[in-house]
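Both complexes shown next keep subunit A, but they swap its partner, so subunit B is in the first and subunit C is in the second.
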Partner chain A sequence: MNLLGLAFRSLINRRFAVILTVVTIALSIGLLVLVEQMRSEVRDGFYRSVSGTDLIVGARTAPIQLLLYSVFGIGDATNNISWQTYRELAETSDISWTIPMALGDMHRGYRVMGTSEELFAHFRYGDRQALAFAQGGPFDDLFEVVIGHQVARQLDYVIGDQLVLAHGTGSTALQQHDDHPFTISGILEPTGTPVDQTLYISLAAHRAIHIGWERGTRMPGAEIDPDEARDRADELRPDSVTAVLLGLNTRSAVFGLQRRINDFRAEALTAIMPGIALQELWRITGLVEQTLRLVAGMVVLAGLLGMLTVLLTTLNERRREMAMLRANGARPWQIAGLLVFEAGLIAASGIIVGVLLALLVQALAAPWLLATFGLHVAVAWPAGDLWLVLGGILLAGLAISLVPALLAYRRTLADGMQVRM
Partner chain B sequence: MAELLQIVRLRYTWPGETRPVLDIPEFTIAPGERVFLQGPSGSGKSTLLAAIGGLIRPDNGTIRFDQTDLGTLSTACRDRFRAEHLGVIFQQFNLLPWLDVRANVTLPCRFSKARARRAGNVTEAADALLDAMDLAPALRGKRADTLSVGQQQRVAAARALIGKPRLVLADEPTSALDHDRREAFIDLLFGQVEAADSALLFVSHDPALAARFDRQVSLPEINRTGKVA
Partner chain C sequence: MKSLLVALILLVAIITVVAVQAAPLERQHGAHVHGQANGTLAVDNGRLSLSLVVPGVNLVGFEHPPSDDDQRQRLDKVEQALESGDWLTFDSDGDCRIESSELAMPGFAEGSHDHDEHHHDHHHHDHNDHEHAEFHVDVDIACIRVGRLGWIELNLFEDYPGNEKIRMDVLRDTRAERLRLTPGDTRIRLP
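Entry: the complex of A and B
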């Protein structure tokens, strides 16, 4: 049994206090790792959700608000873009493709988006990946709907199932469009983005189900018969859309086009570059992140100081043990080393348990983040930089243990073979 | 015959004190000699043991152990010397409660390779000593704090004797025992000290034991300070 073995068995002898100390450090490390991991994963999740889109256009609003309601389904638009303006945008020579988004309906907690088939051709997520169908295909009939992976999984839907949309968003989605049931034509492959949480219908269908709802509620007798709507599908179009995703022919035109859209005279519009808006979002949330980091760092420090307290309080009751070791030939530095070893074992155990704890919390939080924000948070080991931080914390723990180690060193020299209390 | 331990004009004053606690003109122990040292509490017995163990450095004088002047050794060398040549039995035995009996006995060999070499197979040497001390094999894997006082004392003696140290320092090891157990322990201790060819410096209050030793020394008589700390 070497010095490490002695330290280990001494710790086992004081296991209650040691376990409490390890738990304290583990909780602090868990918090630190969780803050860092979630920050990184959430950022990745946001970046993954929109890629290959050059501009997002909506009614005049704050850039971050436009980004959040158009891409992430967080919050609502305060105004819409008229159909005429949308068409003008779509016909602009710099623009390669447009994906219109008509929001405002829900289905059992999932948002419904009226859009065009351009979505399936041009929308990109992650590393510029296109949407793919796990089953079925795009809507063909007017009252067909394509659903995201999570919608199908959570609601246990398969191709051919019928569903009814609700008017309004959030808690206001109380009235059903039950006179126009939709049939599922396609289920998308999982993307780990808000797409998984969304149902897609055509713009014509979006218009059809809202005929007779011009006052915000159903006017009996004013609605359109489904078969009649199918006959008139080519002429059905909404009066307005909530937002438009734009892809340009050349990326160099993006700044000029953004300026032109923001200066558009006929209607007050806002055009944003998703990456820039995300940067702005991170700048705003950065203060909160820094505060969380600071809090986590302080909690880690408190954990290490707790360890120091335990080592110092047990030092006095261990004087006899140390005098005995010394009488049996232990050098003062070996006794000091015993305490440093013990601190190292406590800190290392705390770090390992803390990382595992953080992974557990991540695993438990992942479904909630996916269900609430459509963000896919991977449960992964900390990245290289974080391991460096954890290594630094281990070193800090060892450095802190030098205080009781030095005290023990001096006491064993002073006590000799007998402990004079 | 050359002395194993030779103390000449030893003076020691605790830091912060003005009067010395030890002022000993001369004190010797021969190889294999069994010396009984008595003195009242505070007369400097433990300080003398610490000086012989190299844990404190005298202000004046020399402590020569087998021709080596401890005063000339560095702190690290004195630590190594103590681990190699001294066995210590404490009044309270001071076993590590969280180690089993065998691990307690082999502990000095963890800090001295020379002592481990002399012991040979350390575990077998520990078992042989525990056999000689009449400690049942079933107790050897048990934690030290589960043993009776008498059993703990025999474990402490085995720990002091493992690896055949040249000198065993026993600091009032029988003070917690009744008469019969005390006599039995002294018999066991003498037998093993003789087997290891070690000298023994036995500190005690109890004059009834003195007659069994080769020599009796009264610390107040050899310590000129006459001070009871």
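Entry: the complex of A and C
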């Protein structure tokens, strides 16, 4: 007799209850997998975005805040660093390179960063990769702009296109730098970091478009003529920059320099090591993550208990079925095995569907994360540890099914043959 | 009239002096948390440099120049202990030894207010006594087999119950991380 075939047919016969049970388990597994995956992917995404930068310097603020607004464009700077301090920093002997960042302008929702060409030479992301141009090259003329991959893709820009930057968040039409249109000189390769969401102009250009804006809005007649600005490009420099990325000649000098910057008397500064600031950020989010994990674990437990309930309830309804099987020669352990097999099948399908569900949600959330935080979240297969957890859940499902299996083992024959009124 | 002019000149002079003095950012205070010490450890080419800033309270229980023999004794004892380097233990596989060790104790010097080298600006305010006295230790360590050095221990808890935790920033070739050493875990692991 083909017991497996019978088991399948029995399951199909009870398809509604079975499908609902599978869905319950799938949802709980999906939640668990999603929480784990997002946690590790988001962390990776953050780590990828700052590699090879020894120190980030900004005005005195909290380290996490400085990291978030300088690298990720999350939140705002409370203060800037004066140009003089930036120059003094750049000329310090331990320092190999500096990347100044002047923030504050936007272009259709994307950040505009005033910076120097050092960015293209020294900025690193991911596994110490340098920025590469998909097309074109760095800004050469004063009013040229280099744009990130996503900016080009979303706004359909190609080399040579002209665009107008907005002052501040640029919500009103009056706050546009439309007297100084920029030409796209280069488009960067995708990086999977906030670089993809950023437009880069030179510090001189950043200054030039803000001449005449000293009172917070444009003063007609006070702005600088583009050609005049080009002539004066060498002397144009901003009064302040938002933050500076530093690379050192010797890595072991980092702590000394960090202390000197933090103790700098002339201006209140904060220097942070990006890796350590991120670690501090995870310490804060760690509690939330643990809570999410706990909730996900509880939901999985609820899913398994749901399965137990269904098995136990149907056990009563299936007394006749079991008795028939016994009458046809099935042994008690075969009946018990049938129930364990059923439970294993339900749990396994639940797990498979759950993982697929999590991957689907990830795939759907990825564009949003990319657009909002510039974080590239790969739709990755669960890592090794997670498979162990899933295997454990399957075993737990089998273990739980031993309860109805034992009941069936002990009472199938007697139960089914008795005539009850 | 003349006295008014003199007064005016004096006033201007005072304002100028005050303004000139206030020009550099003098009103800065570093964080100083009793019970917590901060340190850094950089591993570079077989050399380790370790710096530690420990609030005075953590080790001796007071933060001012010693005022009696008991305090003087305690301070001397801590000074000797820190200078000896005995509070550091290394994994013997690394074959490490202390090359040099420097100790500064800003705020503990008797009689003098300008003694400390590191934090001179700290104490120039109009306070008569030192606000925060600290121990600053810088240790240079050379290791013959730095690749096999598995750990370093900072034994600054057992004898000093006032020292509750040490926050260590550790920098290696590829990564930087922050560790929190406590009486239950005094080890910096360098895998």
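The rule is short, and it goes like this: the second predicted complex is superposed on the first by the 404 of 421 C-alpha atoms of A that agree within 3 Å, B and C clash if a C-alpha of one lies under 4 Å from a C-alpha of the other, contacts with A are read in each partner's own complex, and residues count from 1 in each chain.
The rule is simple: contacts are C-beta pairs under 8 Å (C-beta built on N, C-alpha and C of every residue); 3 or more make two chains touch, one makes a residue touch a chain.
Everything quoted here is computed from the prediction, not taken from an experiment.
Asks: In the superposed arrangement, which partner chain does A:Val254 touch: subunit B (first), subunit C (second), both, or neither?
Replies: So A:Val254 only meets subunit C here.
Asks: Thinking of the overlay built on chain A, is A:Leu287 touched by subunit B (first), by subunit C (second), by both, or by neither?
Replies: neither
Asks: Looking at A:Gln334 after the superposition, I want to know if it touches subunit B, subunit C, both of them or none. Which is it: first, second, both, neither?
Replies: first
Asks: Of subunit B and subunit C, which one touches more of subunit A's residues?
Replies: B
Asks: Kindly classify A:Gly275 by the partners it touches after superposition: subunit B alone (first), subunit C alone (second), both, or neither?
Replies: second
Asks: If we overlay the two complexes on their shared chain A, which of subunit B and subunit C does A:Met324 touch? Say first, second, both or neither.
Replies: The answer is first: A:Met324 touches subunit B but not subunit C.
Asks: Pick one for A:Asn13: touches subunit B only (first), subunit C only (second), both, or neither.
Replies: The first partner, subunit B, only.
Asks: Along subunit C, where are the residues that touch subunit A in the complex?
Replies: Residues 24-26, 28, 30, 40, 42-44, 47, 49, 51, 121, 169, 171, 173, 175-178.
Asks: Flag every residue of subunit A that touches subunit B in the complex, lowest number first.
Replies: The touching residues are 1-2, 6, 9-10, 12-13, 320-321, 323-332, 334, 413, 416-418.
Asks: Which residues of subunit B touch subunit A in their complex?
Replies: 46-47, 49-50, 53, 55-56, 75-76, 79-80, 82-84, 88, 90, 92, 94-99, 103, 107-108, 110-112, 115, 159, 169, 171
Asks: Please output the residues of subunit A touching subunit C within their complex, sorted ascending.
Replies: 250-252, 254-255, 262-263, 265-268, 273, 275-276, 279-280
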